[in-house]
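Could you have a look at this structure, given as structure tokens, before my questions?
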Amino acid sequence: MSKYDVIIIGGGHNGLVCASYLSKKGYKILILEKNEKLGGLVNCASSLNGFSSKILGDLNIKLPKLNYNSYIVALHSEQQHTILQENNNKINFIKSNANEENQKKFSSLINKYKIYASTLSNFMYEVPPRLKSGKSKDTWQLINMGWKIRKLGKKNMREFLRVIGLNIADDLEDNLRDNTLMGLLSHEAILGSNLGPRSPGSILSLLYKQAIQNGLFASEKYDFHQLIPSLEKNCLDQGVEIKNNANVKKIITTNNQATGVILDNEEKIEAGIIISNADPKTTYFDLLGTEPLDTDFIRRAKNIRTKGNIAKLTITLKENPLIINIEKEKMNAKFIYAPDINYIERAFNASKYNKYNENLCFEFHHCVNVIVANIYYVPYVKNNTHDKEKLIQHSINLLKPFISNLEIENAELITPNEIEETYNVMGGHWHHGDFEIDQMLMMRPFYGSAQYTTPIKNLYLCSAGTHPGGGITGINGRNAAKKIIRDKI
Amino acid sequence: MNNKQYDVAIVGGGHNGLTTACYLAKSGLKIIVVEQHDYVGGAAVSKELYPGWTYSNCSYVCSLLRPEIFRDLELSKFGLQIIPYEGSATMLNDGRFYAHYNDHDLTYRSIAQFSKRDAEAYDRFSRDVMRQCKIIKPLLKMTPPDPTSFAPKDVMGLFEFAKYFVAKDELGGLGEKEIYDTIRFWTMSVRDYLEEYFESDVVKAHLAGSAIIGTALGPYSPGSAYVLLHHYMGEVDGTIGAWGYSRGGMGSITQAMSKSFQAKGGEIKAGSPVSKILIKNNRSYGLVLKNGDEIYANKIVSNLDVKRTFLKVVEQKQLPEDFYLAVKNFKIRGSSGKLNIALDELPVWKSIPVGDPAGTGDLHITQSIEEMEGAYDDWKDGKWSSYPYVDMCIPSINDPTMAPQGKHYMSVFIQYVPYNLANGGWTQEKRKEFGKHVMSRIGNYSKNFNDIIKHAEIRTPKELEDEVGLTEGNIFQGELTMDQLMFNRPIPGYAQYKTPIKNLYMCGSSTHPGGGVMGAPGANAAREILRDLNKKIESHYI
Amino acid sequence: MSQTNISYKQPLLETPFHEKTREKCYAHDWHKWAGYKVVKQYTSAELEYTAIRNTAGVIDITPMHKYSVQGKDAKKFINKLITRNIDNIQPNQVVYALWCNEDGFLVDDGTVFCFDENNFRICSGERNLNWFEDTAIGFDVTIEDISHSIAALAFQGPLSCKILHMLNANKIENLKPFCFDQFTINNQEITISRTGFSGDLGYELWCDPSQAHEVWDALFSFNKDYKILAAGLDALDMVRVEAGFIVVNADLIAAEHALRPNRMRTPYELGLAWMVNLDKEFFTGKEALIKQKNKGVEKKLIGLDVQGDKPAVGSVLYDGSKKEIGIVTTAMWSPTLKSNIAMGYVNKEFIKLGSKILAEIYHPEELEYRKIWAQCKVVKKQFLNLERRNAVPALI
């Protein structure tokens, strides 16, 4: 008998959540984490607003609540910044160049999307049904999904069916006149995707974000740094073993059945169930290898689009930063620079050809004298050919006009290529794969692998590459655990 | 004052208006088609703009015209003949060319020059696209069901739609895998779709061309793969995917339709721009012409695009506010230009040998999908593309009626050209400059092109709007994007050829299934009107 | 023949034997095969057929697709590709193989030649480069399409060994079925395999295009003593039906090309269960085939002995109450058996040998079709089983 029932490859948030649910059912679990630190891509992120409160409730995890109201600052090149705040689902404009009508329309647009997003959020906690499995369970689930969309009512359903295929720029331009506000919402829609504001599907990507996140501009509810330690503690308390610095080299299979893993140091560990929290491509091509996979399956796996687009910049300053035209007490904010639709679209244009543009977009916040910024679009390029020094300098130049005391002590930047390297995420994609219609629900990551299962018996997926996708939600881990529990009973 | 009472009056004598008219006339109704110009045809016209030459000066290829309509309207009897293309080619900068022939083996070898893998993948690709064509073909003929409605007609319609998906595999229904493929095909970008099959740039570029013609999408935009189908599902003599010329230019199609219409007792009133649709108590009952004449009819059908119909000839006060706003927000963007050129002799290409059938079909100038996307980027910035995608054909090679003996007519379609230039709008000079820009691009690929031009007509989306009346010069009467297809076309809730005004219908390409000289919107609208009138006719289509 | 030099004036390539075949092709009856122009009939298919069964026939099979598979994972790759197990394959051995997609549907069939552990050649009827390359992802192999660099002749018939022997092919009579070796005939060193598509004693000769004429001439050099004939594809098709061999695109549509999903077939439906090794660790389609094996097939390709002498080409098959139960894929009058034979698919209730069914034959008679209801009996697909086919030493 092997020592473990379950091995989870990767100690990211989904791996930890999955372990938590399974260990509650009495499974003996080992988590293998490649890095020193748990958390995976959480270490690259900066917000916990998407994390499922249902999961926190289920697992009885109490994260320390934060009690402050942060601001959203949409930076303006002439320092006429827009400042807003979201309280109890209501957006308050502190300062804006937009007239009242535009401010109102901005809020009502977000509210319109919220209705559709709540329909989508119904599907989040379900193992996606197959479209023609011939099983009545799947058919019922599909009818149920259709019913939920119908429940929107005639008018909303029509608009919903229209906007899911629409691009965000069109809907914004139909409704708003203020460039900054349009830029701001476009930013929320396309961040982390391979879309520009004018790409069809960019509204869907925003809806999805709203579906997992309570309030697009809401303040941080929880202390970001507490999530992983809390999940870790929860796991350890339930007897889960966690092994750091343990890079899995290969998943072992016999007779089409996963039986264990081999680590870099050739150590072999066996278990009845293997769950991969690595992205699907890495799982299939690197960890499992193509040998036990059907040719058609390999073709589909190869076609998942996973090109990352965001670089993360961390700079340490001599003192706390000061933003021009922003009062000190409002420095507790997320600063966003995506000034207008065309600016973003042009930045996106360059990334299509695996280049980056002089004029990138970014968002950042600061903690004491450290600024953490997401810079996009900085595409993943084959063979990592970015000139990193230049990219850092370039990124700093982007920040410079807004920060009056930018004296840098240290600057670090992680390109999508380095995200790939460090976190074992192919393409360095935040969400383990583009979130577009052909890569969502029962098609995420692709047909034949979309219900957390794989063609290999007892090998499961629980990463962001599965339904419902990326963002730090933990739902993938939960759904995978539910699926496994259902399969095994 | 001249006023007469008709059963149905049709505003606009384009191919869809005429198609609707023909079907309605077949049922014995008294029909009038009111056309602003002295000639009918809309964007399917042949014009002699240079003595001796016939230009198909808007649309230029006939492949999507539904064969059932052709048959129902007896178009051959009224003079229409379609001549199939013999091949197509893409010319490259390095002096090579990539060609498709009617002969499968030849095409295989032509692709294999660039990649053996792609030559083989092409068969699989064609198979998969053909599958999609088979799925969509019946959908073209269908009035899109309203998914939000519980009316039996809509529920049945949805069921019809779902039939393929539900039917058992043995009964020819789609397998689960094919259903996913279908969803992917409808939502992906053409570039992503092609990447799954091909490795060679030129193969992808050649095939991607038809996905961007006429649309304000780039090959990287999600949803563009579907547009591929709009061009792929063409049919000439039962061969799906075949393209053809209409003998005598595209005007022959609408000429044949108008003859067919008149033979059924229909009346055409040309040279009569409509200034207003008369509406009382939310019911339309007639038209006011520019000259003040009024025409009365029990039902009015508009062949104009949805924006022109409801923003120009229907008064705003007659429309529900939501509907009015939705029409205002309807996406209809000019993105294509056209050059019609009279040539002294046949152009000799640097790459394609004289006599090669690949040179007699449509010829593309493009190097790669990236170049095409770059052309789109220019358009987004309000400029004409620096390296436009050029789709040319020389109908006079196969059609003896288009140009004087030994001379030739060339149709050049250009993607992308904006409706509005960012730096100050179109002027005569800029239009000429644009024409020169395109001609010099073509000139680079030809040995004699620059020396044989006798006359050139340059058309930007502006001209298309001014002359034909297509808003912003969009050739499909509205973008073919996911938000404006099927039951969303043109306006969600009004996709069944009806409008908020009673007795007012739409039959233009703004409606399902969209543009491309198909005639399907016109025939579908006729079916709805006949159903409302409780009339039945004998037909292959309806 | 260079593949890159293309001209619209010559849509079809000529094989290295073209000059020779053209000389004998009095009927000018040509056929397209994989982009090549090959002979359908030289003079008369019946005569050429008779030669294959009576003396020997020479068939130009150069258009066959040939792929070289080399590298350290070559054997592993092939084992993943095909449904049989080649763990024990020896150098100079050939196996007939099938490969399927993930749903167990046939992608193609062909022969696998083993040169050594790391060097194989696959010959197939369809183009398979994409399928092979995609199957090879993650394997250390190089796959190359070598179709155009190898010329091939099938030399089939009772005298084939004798003539090769007379040409001093060293100990050719000892070459076992499904084996190959290097031989020298007419001073040309070539590869000869004891394989073929005729169900008769026969060989396939593989050589460099530059040797083509020498090899061809050699085979015909004893024609004053023994009259062998060049045979066209029509004759080849006749002998393959008698032998019960299937042909992709005649008896089924290859999975990569089928527009209608229900035109694809699994090995079980083709009656090729013996070709599927479910004990093997893995191959593409294994899961699906296990499922089908357990569930049983809905329809199956069987042989039919048809009453009368009118070939049941394209016939629909019925049960006694005239309910449709299947279709005929291939049918012919067998000159050797003097029987009216056919292959076709029937529903599972009728796959048992001896089952009685009806064929609805539309027989063309002077511009008019006559409808015939013919009684048929389900028989083994291998209509003709000749002892000399597998005899070792072979008949000299």
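Think of it as A, B and C in the order they're written, each chain with its own count starting at 1.
Convention: a residue touches a chain if its C-beta (ideal position, glycine included) is under 8 Å from a C-beta of that chain, and two chains touch if they have at least 3 such contacts.
Please read these numbers as outputs of a predicted model, since none were measured by experiment.
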Nearest-to-centre chain - CA centroid comparison: B
Chain whose average C-alpha position is farthest from subunit C's own: A
Approximate Å spacing (C-alpha centroids) for the pair subunit A, subunit C: 54
Subunit A-subunit B separation of Cα centroids, rounded to whole Å: 40
Centroid spacing, where centroids are CA-atom means, of subunit B and subunit C in whole angstrom: 47
Two or more partner chains touched - positions in subunit C: 103
Shared interface positions of subunit A, touching two or more other chains: 299
Residues within subunit B bordering two or more other chains: 174-175, 177
Subunit B - residues contacting subunit C, complex: 87, 101, 103, 105-106, 108-110, 112-113, 116-117, 120-121, 123-124, 127, 130-131, 134, 169-170, 172, 174-175, 177-178, 353, 355-358
Of all residues in subunit B, those that touch subunit A in their complex: 147-149, 165-166, 174-177, 179-180, 183-184, 187-188, 192, 195-196, 217, 220-223, 322, 328-329, 331, 370, 373-374, 377, 380-381, 481-483, 485, 487-488, 492-493
Contacting residues of subunit A [partner subunit B, same complex]: 130-133, 150, 154-155, 157-159, 161-166, 170, 174, 195, 198-201, 299, 303, 305, 342, 345-346, 349, 352-353, 436-438, 442-443, 447
Of subunit A, residues touching subunit C in the complex: 255-256, 285, 289-292, 294-299, 302, 448, 455
Footprint of subunit A on subunit C - complex, ascending: 76, 80, 101-103, 131, 134-135, 137-139, 281-282, 284-287
